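Chain naming follows the written order as A, B and C, and within any one chain the residues start at number 1.
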Amino acid sequence: MDENTDTGIDDRSIEREVEALLFASDIPLAAAKLAALTGAPSSRRVLEAIGALSRFYGESGRGFTIVEVAGGYQLTTLPEFSGVVSRLFKGRKKAKLTLPALETLAIVAYKQPISRMQIEAIRGVNCDGVLATLIEREVISISGRGEGIGKPYLYSTTKKFLEYMGLKDFGDLPSLDELERRFAFDAEPSKPLVPPPGNQSDDGGAPDADGQ
Amino acid sequence: MDENTDTGIDDRSIEREVEALLFASDIPLAAAKLAALTGAPSSRRVLEAIGALSRFYGESGRGFTIVEVAGGYQLTTLPEFSGVVSRLFKGRKKAKLTLPALETLAIVAYKQPISRMQIEAIRGVNCDGVLATLIEREVISISGRGEGIGKPYLYSTTKKFLEYMGLKDFGDLPSLDELERRFAFDAEPSKPLVPPPGNQSDDGGAPDADGQ
Amino acid sequence: MTYQVRLVQFEGPLDLLLHLIRRDKINIYDIPISHITREYLGYIEIMQELELEVAGEFFVMAATLMRIKSQMLLPRHEGFEEEEADPREELVRNLLEYRKFKEAAHHLASKEEDRRKVFPRTAATPPAEEPADEGFEVSLYDLLEALQSVFKNINQQAVYHVVPDSVTVEQKIEAIRATLARRSEVLFTELFIGEFAKIEIIVTFLAILEMIKLGELVARQMSHAADIWLYKPGVDSYIDANGSPNG
């Protein structure tokens, strides 16, 4: 923008812009990039601003500082606060899916595609709310419609389900179909050793009546 | 942690922890949460720390400040840096909500929980697409199911709605009465053509919470 | 002609009607229905001429307007005027209701605009966890493999047990927590001992996954195909479900 002036005011405005940028950025920013964004006359000027900010944070006892990482600069909390900050994130992990939702998710994952009625037969409770939550969280979706009265919606898990379960090595994973075959889910004893389910519909132990 | 001491050192250490937490968090943090995380003896102590930090940022000319939003506190850049920071996020920032989306969002905000049918009765148009957009933007979510045929999904706004709009809480929104009064220039009929709201519950679409 | 520009901006029939009411300075409580119907139909015609897609709702409203218009033309019974409903009543109520939310939408738009000028922190990078001590952490894949052998095992036993009551993931988590309170480590397969119903095994498995996600459990093995052991990670800054510090 302006000519390369050496007034303190100009330096201060570059410093404030650099600070706002480092503050808002989710990735480290290189000095050249900061120069381009702020219109600073040179990367050197940006580095001076970073130096001044860094000194100021140290002297005024801020809880954060500037670190140089991956070829750029980034604001980060001081290591001494890692305890309190990790408590913040630990607490957050808890707010994921509720346990009833997880249970329903497990059933969908292993019995998909499955209707709401079938899920409720297994869980023994109404699943409307949890299904809505799971759909909203995009871990399951309606994958089709079943036979029979009212052609019920069928639910299946989504790709996001795998992500949610913390799956990093995506490509290596067997498909759910494959899993199902491996786990031989539907392979029941040829002669049932106990009477077929129906007289204990509330137990969650007899989900297999829908087999083949 | 420690007993409630009134030494300056203790205050200063709470202040630094609060700063580190606000700095590390990508969502607003409530005073009570900050108190629990830092071990501050009370929310009041946390609020004092926030006040002190806020003053310090202002006096030392930082590029950011503390705002009260969505029932908590958050660090954000100052509006004067919107230009330079927008350049950083160019192409990455989500588009503004469209007017149909804002209209639908407003209806959900004031009438929650509310079904799609009820929203459509007010807007007079199909709202499928907009609702999907709003859910994707995480400003509304399915919060339950209503009575009646098909047990329709009910929608409510999320905490992120408040954050997205920069609102402290719902009290930050003008009341429906207030909105209505903005049209006071309309000639009122000598005898009201429309009876005061609250005494017709039979129209199926309108939730009855619109009396206030 | 500003028509084309404006037309596409109408969000629906109510929006169009409000526009006409504002433009012609009409008293919303006493809408001249013939006039408004004529203007409304005129707009729809133009939309069609311009080959804009006219949503079905616009035609529904057109029919409504024409019905109200014809009702207004019916002679009124003398003396009963008080009790007779005005045919416009419902439409006016809808318009008033919609107008409020349109105003609310404009309010939200300005709040959105203000908020978009400021930027919160986005780099929510949790601090690095302590490094693994022995062996390596297993992936979900390894856990699924292990689960597979659990299933194989019960299939061989071919015993069909019924779970007395539906077991919840929550209960399983509690049970595993209790086990780990007594011991520092437990074998993966050990947690399934005595479980024969598939649903119960799945629930146990889910409980293990959830605890790993929550950082309450670490699954490790010394080599591939070795036994999987579950450990409690460092217990220093553990937080219970209520979010209160506990360590």
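Heads up, the rule we're going with is that a contact is a pair of C-beta atoms (placed from the backbone, for glycine too) under 8 Å apart; a residue touches a chain by one contact, two chains touch by 3 or more.
Just so you know, these numbers come straight off a predicted model, no measurement behind them.
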>> Relative to chain A, which chain's C-alpha centre is the most remote?
In response: B
>> If I average the Cα coordinates per chain and compare with the overall Cα mean, which chain comes out closest?
In response: C
> Whole-Å distance, chain A centre to chain C centre, using C-alpha means?
Replying inline: 15
> Between chain A and chain B, what's the gap in Å when you average each chain's C-alpha atoms?
Replying inline: 22
> Residues of chain A touching 2+ other chains?
Replying inline: 20, 23-25, 75, 77, 85, 87, 91
> Using the touch rule from the top of the page, what residues of chain C touch 2 or more other chains?
Replying inline: 119-125, 243, 245
>> Which residues of chain B touch chain C once you look at their complex with the stated criterion?
In response: 23-26, 33, 36-37, 39, 67, 74-79, 81-82, 85, 89, 93, 96-97, 99-100, 102-103, 105-107, 109-110, 121-126, 164-167, 173-174, 176, 179-180, 182-183, 186-189, 192-194, 206, 210
>> Touching residues of chain A toward chain B in the complex: what are they?
In response: 12, 16-17, 19-21, 23-25, 29, 37-38, 56, 60-64, 75, 77-78, 81, 84-85, 87-88, 91, 128-129, 132-133, 135-136
>> Quick check: in the complex, which residue numbers of chain C touch chain B?
In response: 9, 11-15, 27-30, 55, 57, 61, 86, 88-89, 92-94, 96-109, 111-125, 243-245
> Mind pulling up the chain C residues that touch chain A in the complex?
Replying inline: 119-127, 139-141, 144, 147-148, 151-152, 155, 158-170, 173, 197-200, 202-203, 205-206, 209-210, 212-215, 237-239, 241, 243, 245
